[in-house]
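Two complexes come next, and they have one chain in common, chain A, joined by chain B in the first and chain C in the second.
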Partner chain A sequence: MSYFSFFRQFLQRDFQIAVNQKHELGLPLVFFALILILFPLSVGPEPGTLSKIAPAVGWVAVILSFLLALPRMFSEDFENGWLEQVFLSGYPNVLSVFARIVSFWCLYGIPLVIVTWLLVPFFQFPLDLWWVLAKTLICGSLLLASLGSIASALLLSSRKGSSVLSLLVLPFLIPALIFAAACIDAASQSLPYNAPFMMLSGITIITLTLAPFATAQALKLNLS
Partner chain B sequence: MYLTGPNGAGKTTLLRSVCGLHQVQSGLVSLNGQPISEQLSQVLYIGHKPGVNEWLNAEQNIAHWLTLTNQQADIQTLVSKVGLTGLGHVPVRYLSAGQKRRVALVRLWVSKAKLWVLDEPYTSIDQKGIEVLNALFDRHKKAGNHVLVTSHQALPTDMVDINFNLEYRF
Partner chain C sequence: MFKFLHPYAKPEAAFDLSEKIYRYTMPIAILFFLVGSIWGLVYAPVDYQQGDSFRLIYFHVPSAVWSMGAYTTMGILGFCALVWQLRMLELAVVAIAPIGAVFTALALATGAIWGKPMWGAWWVWDARLTSELILLFLYLGVFALFYSFDDKRTGAKAACILAVVGIINVPIIHYSVEWWNTLHQGATITKFAAPSISGDMLWPLLINLTAFFIFFTALTSYRFSTELLKADSHRKWAQQILLKSAK
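Moving on, here comes the complex of A and B:
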């Protein structure tokens, strides 16, 4: 089987499982939607304030919602023994990890980015700025999935790893958060935002390239 | 080879070391003179964890394992061989412990691996199933291959070539 078929089979399996676990899939989305609905109620109906804080709320809510799902990235396959079978298959472990990052991003990251559209009606956030925010979040969620894969794999054997996971992931997200804020700030003043966006994309691509190697090694440590 | 020993003696650790899942502190595990890490396709490992996802049905689980190991077989036939006829579409979480185990043991019918490493393969399996498994082990052995089994259930003496007993040391 070619590496591409192997990759595709992994994605297919993850999507099949996700279809049967709709409750797990929906939890981060519901959490995210609740934050977006409750924020305007608690801050008040001041349109200027709401639209000003909207990008920050969007980013923080996406991070927190994603953190809810991250501990599950490898735990199920670890507990049911599928990871052992994958490691014994002889295919590069990096490839299976890469497939998991991509499937996780498609299943959790992309839907969260789509749901940020709720910022437009609830926070009176301009639609053109939402598009900029969505682009930064597409990169950011992929970065979060890549970084999260390392943390999730490291804490696989730890039953109480969920709280530590956020401590491992969040410090590495700060640069991305800064560049994303710079993008939206520039866009809100009708200035070009290519430079910070390229930096954000660069960080994401580098992390996505390197993370599978670190994650595969962390998984191997946990299996032995 | 029949591996025996009390709880905690290290049977599972030894089996996992043989497969390369456990990193040994010293020494090398080799099969036919080659490091086992270079011949993973020659090893079939079924451990305590069955490698079966409870949210998928038996047929999906078997199909994914076949693709993972680059093998082809008629899934319906395999399902009926392990006594799960009519249950192929049922999510594995609704099956009994023994039936879940059977989904994992399907691999014994398909695998072309020369070495089978099986950790407690009889767990949750009924008497008829145990007889079928023993017949499979015998067939595999007669074909010039090897089976490394650990079990707390006594194996028929004519099936065992080597009985390796591990001692518990504190």
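Moving on, here comes the complex of A and C:
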């Protein structure tokens, strides 16, 4: 089996399992919507304020909802022994980790980005700005998935998984947040936002390239 | 170099060495610290603009410098531990993390006390302050990770991986935050050609910088030796040492 068909079958399996457990996919989305509701209630319903904080709320809510899903990235396959079989299969571990990052991004990241459309009616957020926000979030959620893979792999066999998880992920996310905010800020003044967007995608690509090595190492540590 | 380091893979030898380093460096650190602090607090001239409150520089700058120095050390040690599978270095990473966190917290606290009279605020969202705060959370992450495992060896290795990931990320975080906002004054003593600080004020600062570095070395070897004892407490050499000290 070539590396490419291994990769494709890995993704296929992940998607099939996800289809069988649809409720798991929905939970982070519901959580996201709940966070959105809290803001107008606590800040007050003025449209001016709401549309101003909308991108910040969108980003923070996406990060939090993603953190909710992250512990599940490897835990099931670790418990039922599938992960061990993959590591024994002779295919590069980095490839399987990369496949898992991609499938996780497709299953949890992309739906969350689509759900941020709720900001448009709820927060009176302009649609053209939402498009910029969505673009930064597509990059950002891929970055989250690759950084999160390291953290969730490190904590696989530890007792207090999810409480430490945020401490391992959030500090590394700060550059992405800065550049995404710069993008939206520039776009809201109808200025070109290419420069910060390229920085953001650059960080994402670097992380996506390097993270699988750290994740594979961390998984090996937990499997031994 | 490996021929020189090889004997210290033996835990007894490493323990003896770190004990010795601690015993010899601790008095030197205290001496330097006393000289630098008294010189800085009492004899250094008063700043024409900031008055006496500038004297906080003698604690703020050394702790800030070595908070970053400690992180770099930790990252490099973590990398070596993972590549060459050296258990001693894993323990050293675990030993450094809390010390670095305390240096970072000290830098933040003295900075806040200094900022209140000078900038009129305890905290501003400036680039250096923010990246120092993030550094604190990176340290907390390393030892939170270590303590969340039942098996200490696994925990130490996980902490090493995180330290290496952190060391790659620190420059990215630093420059992106810099890009975001800057208010903090520029570096004063890194320009070796013409430091923008008078010599009378500079000497105590340099002495305290050295003092904090030696202090860091001493504390690291102390924590390293105790971590080593704890990890090897079921082994004969550690039990002998524990029995001897119990007497």
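As a working rule, the second predicted complex is superposed on the first by the 224 of 224 C-alpha atoms of A that agree within 3 Å, B and C clash if a C-alpha of one lies under 4 Å from a C-alpha of the other, contacts with A are read in each partner's own complex, and residues count from 1 in each chain.
As a working rule, contacts are C-beta pairs under 8 Å (C-beta built on N, C-alpha and C of every residue); 3 or more make two chains touch, one makes a residue touch a chain.
Bear in mind the structure is a predicted one, so any value in this text is a computation, not a measurement.
After overlaying the two complexes on the shared chain, residue contacts for A:Gln16 are found with chain B alone; chain C is out of touch.
After overlaying the two complexes on the shared chain, residue contacts for A:Ile150 are found with chain C alone; chain B is out of touch.
Of the two partner chains, chain B is the only one touched by A:Gly81; chain C is not. Once chain A of one complex is fitted onto chain A of the other, the partner contacts of A:Gly90 are limited to chain B, with no touch recorded for chain C.
Legend: residue contacts after superposition of the two complexes on their common chain; A:Ser158 is shown touching chain C, with no touch to chain B.
Of the two partner chains placed by the overlay, neither chain B nor chain C lies in contact with A:Leu129.
When the shared chain is aligned, chain B comes close enough to touch A:Leu223, but chain C does not. Residues of chain A that lie in the contact sets of both chain B and chain C are absent, per the superposition on chain A.
By the touch criterion given at the top, residues 82, 134, 137-138, 140-141, 144-145, 148-150, 154-155, 157-158, 161-162, 164-166, 168-169, 172-173, 176-177, 179-180 of chain C touch chain A in their complex.
Remark: chain A residues 1, 5-6, 9, 13, 16-17, 20-21, 76-77, 79-82, 84-91, 223-224 touch chain B in the complex. Note for the complex: chain A touches chain C at residues 150, 154-155, 157-161, 164, 167-168, 170-172, 174-175, 178-179, 182, 199, 203, 210, 214, 217-218, 221-222.
For chain B in complex with chain A, the residues that touch the partner chain are 16, 19-23, 40-41, 43, 45, 47-56, 60, 64-65, 67-70, 91.
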